[in-house]
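Got a structure for you, questions after.
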Amino acid sequence: MSYNTYRHEDELKATIQTLTHGTAARRMCHLHLGSEPLPNWEMIGDIITLCRSLIFPGFFGNDDVNAFSLEYRIGIECEQLKSALENQILAGLCIEQKSRTEAETISLQNRAEDIAQQFINRLPDIRQVMHTDVEAMYDGDPAAVSHEEVIYCYPAIRAILNYRVAHELLLLGVPIIPRMITEAAHCETGIDIHPAATIGERFAIDHGTGVVIGATAIIGRNVKIYQGVTLGAKSFDCDADGNPVKGVPRHPIVGDNVIIYSNSSILGRIRIGDNAVIGGNMWVTSDVPDGEMIVQHH
Amino acid sequence: MSYNTYRHEDELKATIQTLTHGTAARRMCHLHLGSEPLPNWEMIGDIITLCRSLIFPGFFGNDDVNAFSLEYRIGIECEQLKSALENQILAGLCIEQKSRTEAETISLQNRAEDIAQQFINRLPDIRQVMHTDVEAMYDGDPAAVSHEEVIYCYPAIRAILNYRVAHELLLLGVPIIPRMITEAAHCETGIDIHPAATIGERFAIDHGTGVVIGATAIIGRNVKIYQGVTLGAKSFDCDADGNPVKGVPRHPIVGDNVIIYSNSSILGRIRIGDNAVIGGNMWVTSDVPDGEMIVQHH
Amino acid sequence: MSYNTYRHEDELKATIQTLTHGTAARRMCHLHLGSEPLPNWEMIGDIITLCRSLIFPGFFGNDDVNAFSLEYRIGIECEQLKSALENQILAGLCIEQKSRTEAETISLQNRAEDIAQQFINRLPDIRQVMHTDVEAMYDGDPAAVSHEEVIYCYPAIRAILNYRVAHELLLLGVPIIPRMITEAAHCETGIDIHPAATIGERFAIDHGTGVVIGATAIIGRNVKIYQGVTLGAKSFDCDADGNPVKGVPRHPIVGDNVIIYSNSSILGRIRIGDNAVIGGNMWVTSDVPDGEMIVQHH
Amino acid sequence: MSYNTYRHEDELKATIQTLTHGTAARRMCHLHLGSEPLPNWEMIGDIITLCRSLIFPGFFGNDDVNAFSLEYRIGIECEQLKSALENQILAGLCIEQKSRTEAETISLQNRAEDIAQQFINRLPDIRQVMHTDVEAMYDGDPAAVSHEEVIYCYPAIRAILNYRVAHELLLLGVPIIPRMITEAAHCETGIDIHPAATIGERFAIDHGTGVVIGATAIIGRNVKIYQGVTLGAKSFDCDADGNPVKGVPRHPIVGDNVIIYSNSSILGRIRIGDNAVIGGNMWVTSDVPDGEMIVQHH
Amino acid sequence: MSYNTYRHEDELKATIQTLTHGTAARRMCHLHLGSEPLPNWEMIGDIITLCRSLIFPGFFGNDDVNAFSLEYRIGIECEQLKSALENQILAGLCIEQKSRTEAETISLQNRAEDIAQQFINRLPDIRQVMHTDVEAMYDGDPAAVSHEEVIYCYPAIRAILNYRVAHELLLLGVPIIPRMITEAAHCETGIDIHPAATIGERFAIDHGTGVVIGATAIIGRNVKIYQGVTLGAKSFDCDADGNPVKGVPRHPIVGDNVIIYSNSSILGRIRIGDNAVIGGNMWVTSDVPDGEMIVQHH
Amino acid sequence: MSYNTYRHEDELKATIQTLTHGTAARRMCHLHLGSEPLPNWEMIGDIITLCRSLIFPGFFGNDDVNAFSLEYRIGIECEQLKSALENQILAGLCIEQKSRTEAETISLQNRAEDIAQQFINRLPDIRQVMHTDVEAMYDGDPAAVSHEEVIYCYPAIRAILNYRVAHELLLLGVPIIPRMITEAAHCETGIDIHPAATIGERFAIDHGTGVVIGATAIIGRNVKIYQGVTLGAKSFDCDADGNPVKGVPRHPIVGDNVIIYSNSSILGRIRIGDNAVIGGNMWVTSDVPDGEMIVQHH
């Protein structure tokens, strides 16, 4: 719209050169071997939609499914899911093994295909455990009107479903994609569950914004947590260079039937005993015995 | 891309069968009467956009509105809103009454149309009260530059607008859709207000992420709350089966001119008196007298 | 779908009239001078995408960039960014100066173009400092697998990048758009950083949902904060009319190498000394000396 | 962008009034009974795509069909086709019967559903005859490389397919939609076949632009025509008012194995005998005996 | 997907250089003054859709118009049309006057706005004459079922409407855009009418593919032509350089009530008398008296 | 919308079975080796757009190109074109060699990449010859206003450009894709040029609808043809089975400076001498001497 686009032509060219050739460019830029793209957020989104649709047909994805078309739709969606997973798992594996021969590439393709199929084989079990999560969430919320409302409207269902899908992929050795799947739920719901966490059935989260569950956390069955709860690390061991040592268990173990109210932080490799209740806004850094209830005093 | 898509053909077919015919499928799957879809998230999104555009013309939806075109645009948008609401309210009513005669279906259609019109009749009043919310938010925030910035940039405006729209629909007896409308705002802003809550005029939320306001909460006029504040239930009565009794008042009553700072939890059917101030990171489970200020001591 | 759309024709017309001509309409409606639109959320989204793509080529925006095409893509994206910025900055400047002559309009166009170019000149430095943020986040998180994972998956990177971009635009005198850019990140990540805050290099946020950093906060280098942390105002001076005085420093100054754990609130113009550590769920309203560690006792 | 959008405000308002209330508006405007839309070009496009995909799987519509997914895809597409056809056939039937009771509306719905199913039952036969058309077109064109090329690249295949689909719908009593389907092919290929024409198997059209085949034309088997050929009416009987009488046979009958070269016009209810050959640029208005070859002399 | 994208890097760079800097580039490339774009095909498409919708409400554009919403929709569409026309007419005027002062640019903007309004003022008359075209096409076609079918399905209606719109713009002095509008219809229908031609009311084209009507043709009222008819130039005077002299009348004058059958060519500045009938496949290069019928003899 | 979707369930299932398992399905269905798709119409469309944009920058594709950005845009577009061509050429080669080893697949990939680069190397020459076509079309049309109008508005430019691109790909041994590219132009313009035809520089087509140029036609320089002209085969030799023999020269050779007026058919391997003029609606099946003018007598 301006009358002279090029008043700043020299400056613009200089910046383009700096951004292209500056040393930082090389470190920050994802350098590709033959233009291989990273796993793609949009395709990860498609994978999530397909998983949700296969686990809760009629609620997510294909909203006009019916008894007649159910098998056809599940057939198509399984095939689409397999194809999308193969493609994205391969992209993930290629990050880990950037320099490789053609034979190694073909081997990675086969591995991606195998993993995709193994994941799909796990879908009926994921659906089964999600079923228990829905029941737990309905049973525990006086405001819940129906199972349908829980599945369709509760953000925690979407966050837990993404976690359960991501956790299976992580167990199958898939890099980066599990993290992308739980981050997608984090962005959508404010619930941040690390895909490496271990979580039992009948898991309920109410409201959920601000929940954080760390990578080495272990959660029993029938646990319920509220918004703003952190199951985090208290501190971590550092190596000789002052960097944190990776892979050490550093998040809590939570027993069965535990309830943790809003905005409490449970930190470190401590154990919250079965049937314990943690009040809101608590800062807990040591073990809590079975059945104990702890609350803030003021 | 692989050379043999069908290495896993038998496994894939078996999984498709399990997902189609497994007992879980029938319980989890939304079973339709003649393919009736659930209310649709995309159309709910359109309804929200139309309401925002009608309440704040020029800020949301039709960004090129002007004095000449204002009436034409409002005319079209009211008609589009009526049509979309009729359609979605009918979908909601059909969930509640799945088995019905043709005459009952026609009766539901008429009811959906009546409710849609009654809601639209309420729009001028909703705009009026939103006006007070904008003023309160501008008056109370030293960082606010203009009313325009508040309407256009503050997520709390969008969350409160969705709540006020959803609350009217809930009062008119619409099922599930009010919840979807507030969940859409929860997803967008991290502010989770139950559509059944009662909230007075000049309501302000600052930042807002993590705010939770429960279904039976009652909030006076000129109240301001900060991010992470919960107006929740402390515990709930259970029936003989150990399930929570639904419909019991269990969230706080907050008086006029109250301020609640960040991350505090106000729990149970308690009363926060007029002009009270609650500091941050508090855990409050009993009444607070008028004009009292309570803060954390450490 | 109904058999008579016009049962409510009179009511609908009446509501359209009220929404068009009611006194509230005029105050709430963004009144345009010759149909000038507000800055546009969609174009702000494009600007954010272009900035992310220019700062981290291959991770955001153009996922098929490679060594061959890098310069071409950066060239095109710089030009697109300049054009989009000119357009949106002009829209922002027009809000501030609604009544003006044609000559003043042309002057605003030139100013918008100059600012756009000055911002682009700053991109290499923004990339440089983002580089330090990525390193800090990788170094401090035992769960981080690679720099690539941090850039691609950590929401805090996107929130900090938006902040750093918005902060530069704010320093160049651009109205409203900086706020829109950080609000976009707030919506996406739950992290709410005011564009006027001052933040040093090697800044890390873990998980991040619920973080709030106020307009006059000053943060040193190598600071790390966790989810739910507020750097807020404790109270603010009011003028004779009872309205808060704008522009007064009212948020904390945080020294170098400080760590603040989850859900803590640091409020008021206090100073957190270098190397201090603040535990989780704390409510801090007075200075903390250098090197001090404060935690909740229960 | 202009500084005063409203220089012409009065003129613009006057034109809007004239366009709304002028007498012509009422005659030209499709006046709806309760907002019923006409059949919709976009949905007709979907119906065409589904028919093409079901008749030539892998060539049109679902380009990644394979032996594994074939049944699933055909299942879904049949159901989608049935649903889209029901919807559009009902829209067509409603044009014919604008004033009706609720019971009559329900009766029309049932009729639309029955017709949709009857059409789908005809699909295998349509595929069978399309098969003969492909063979004829391959056999007769020295430039044809493969059956695949003919199906995928020859516009005549798409035009004939649309005609055969439209003809079946016309035989089932569907109004207006058959015409829309052949017009869609006319627009795409320049080949204009009236859906009421009768055309035998092994029908070939080469190049095709400008071909016109009238409503009462009857074409035998193994006929080939070239671009620009018209099978039209010579003149038509008029009634007392000087308007043409509708429904009278007025287009040619073409025998088996006939070839008609480019740009020739065959006009009136004449008979072109079996095995006849008509040269290019001919104007034929009387019967041609079996086996005769007629060409232009110059 | 290949393992080395850069085998041809040097060749690719060389071609990029040639395409950028070769002398041909400069001549072929539309060189912009400050990045002014040409009129845009997509916006021309929007203008066509708006004109069709305003002339035949309910048939094109807004398919859910009804008596209630008619005025609102026409209001919005008139305003959208005015805005789009202003923008595109300005782009067209800028081609003609590439070098100009800021004052001249503002003058062009005002001229574009005036022309846009003058065109909109002509819309009721365009609708009136289109009304006669629809009637003529219905009256003259035994296969026509209803006026609705003619408006909705006959490509000639769209071609003639585009011509009548383009002709008005050409009379108002708009460059290039009239040609784009008739070319859009040519592409859609195969009917090529030059916007400068003069055509009376009750104009009918049947089938239409291949029709060509030249720039200086003059056609009376109640004329009907069939597919493949050319009203063209026979030859044209050349200037001293051997180039054709522009602007000389060189196409036929066709009287009232004339019928011209398919594929005939009427060439040169000849006169076809009132009520004449020209048979198909004719080559006519001299005057035809009133009431004469000429046909091919073979 | 109906109350019982499944009235026809059995019929629908039966049809699905027939369409899936009928013998015709197997012959008509494109059977894939490991799900390899056919070349894709949408990607062919992208390839055409990129070629047009590279040959006429600023007219097609990137409408905001300018002197500053020209090289960047050409760089990106060349790379995109190379990538899209590699992909589609490979798809084409795979049709010809359905059964193959992994090594042969890699060899095809390399061949596709080489061909893509060789084609791109030819782009400057294609631009050069298109330049002569534009000049010829401007020089020969009294209605042409500017070179810009010819490039931007004349459908023949798009048809000839597609032909010239397709012809180069055909010379490089690419299967099926050249045909798809010229068919795309046929659909868009009504001009059907076989990619195997040979056409000299300064080639002009006026209006163009209905033009057909056969596979073995050879056209000199500075030739001009009008709408509806066919350069076709008169008849073709058949083999013992009665099928046409492929690959035999059977279309005309047209000398330099020839003009052929509208709707004439030139058929068979005849020679039209240099500088000859063929009138409209002619049927020519024998040689025409140099400089001869032949017209229809009536």
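Order as written gives the chain letters A, B, C, D, E and F; numbering starts at 1 within each chain.
Keep this in mind: a contact is a pair of C-beta atoms (placed from the backbone, for glycine too) under 8 Å apart; a residue touches a chain by one contact, two chains touch by 3 or more.
The structure presented is a predicted model; accordingly, all values stated were derived computationally and were not measured.
On a Cα centroid basis, the chain most remote from chain D in this structure is C.
Averaging Cα atoms per chain gives one point for each, and the point farthest from that of chain F is the centre of B. One simple way to say how far apart two chains are is to compare their mean CA positions; for chain C and chain E this gives 49 Å. Distance between chain A and chain D, defined via averaged C-alpha coordinates, is recorded as 51 Å.
If you average the Cα atoms of chain C and of chain D, the two centres end up 56 Å apart.
In chain A, the residues that touch at least two other chains are 1-2, 5, 12, 35, 64, 66-68, 71, 75, 79, 83, 102, 190, 209-210, 228, 263, 281, 296. Residues of chain C touching chain F in their complex: 1, 64, 68-69, 71-73, 75-76, 79, 83. Put simply, chain A touches chain C in their complex at residues 1-2, 7-8, 11-12, 15-16, 18-20, 22, 24-25, 27-32, 35, 37-38, 40, 95, 175-176, 179-180, 183, 186-187, 190, 192, 194, 196, 209-210, 212, 214-215, 228, 230, 232-233, 236, 243-248, 250, 263-265, 267, 281-283, 294, 296-297.
Chain contact summary for the complex, chain D toward chain F: residues 54-59, 63-67, 70-71, 74-75, 78-79, 82, 86-87, 109-110, 113-114, 117, 120-121, 123-124, 127-128, 130-131, 134, 139-146, 148-149, 151-155, 188-190, 207, 209-210, 226-228, 261-263, 279-281, 295-296, 298.
Per the touch definition, chain C reaches chain E in the complex via residues 5-6, 9, 12, 35, 66-68, 83, 102, 106.
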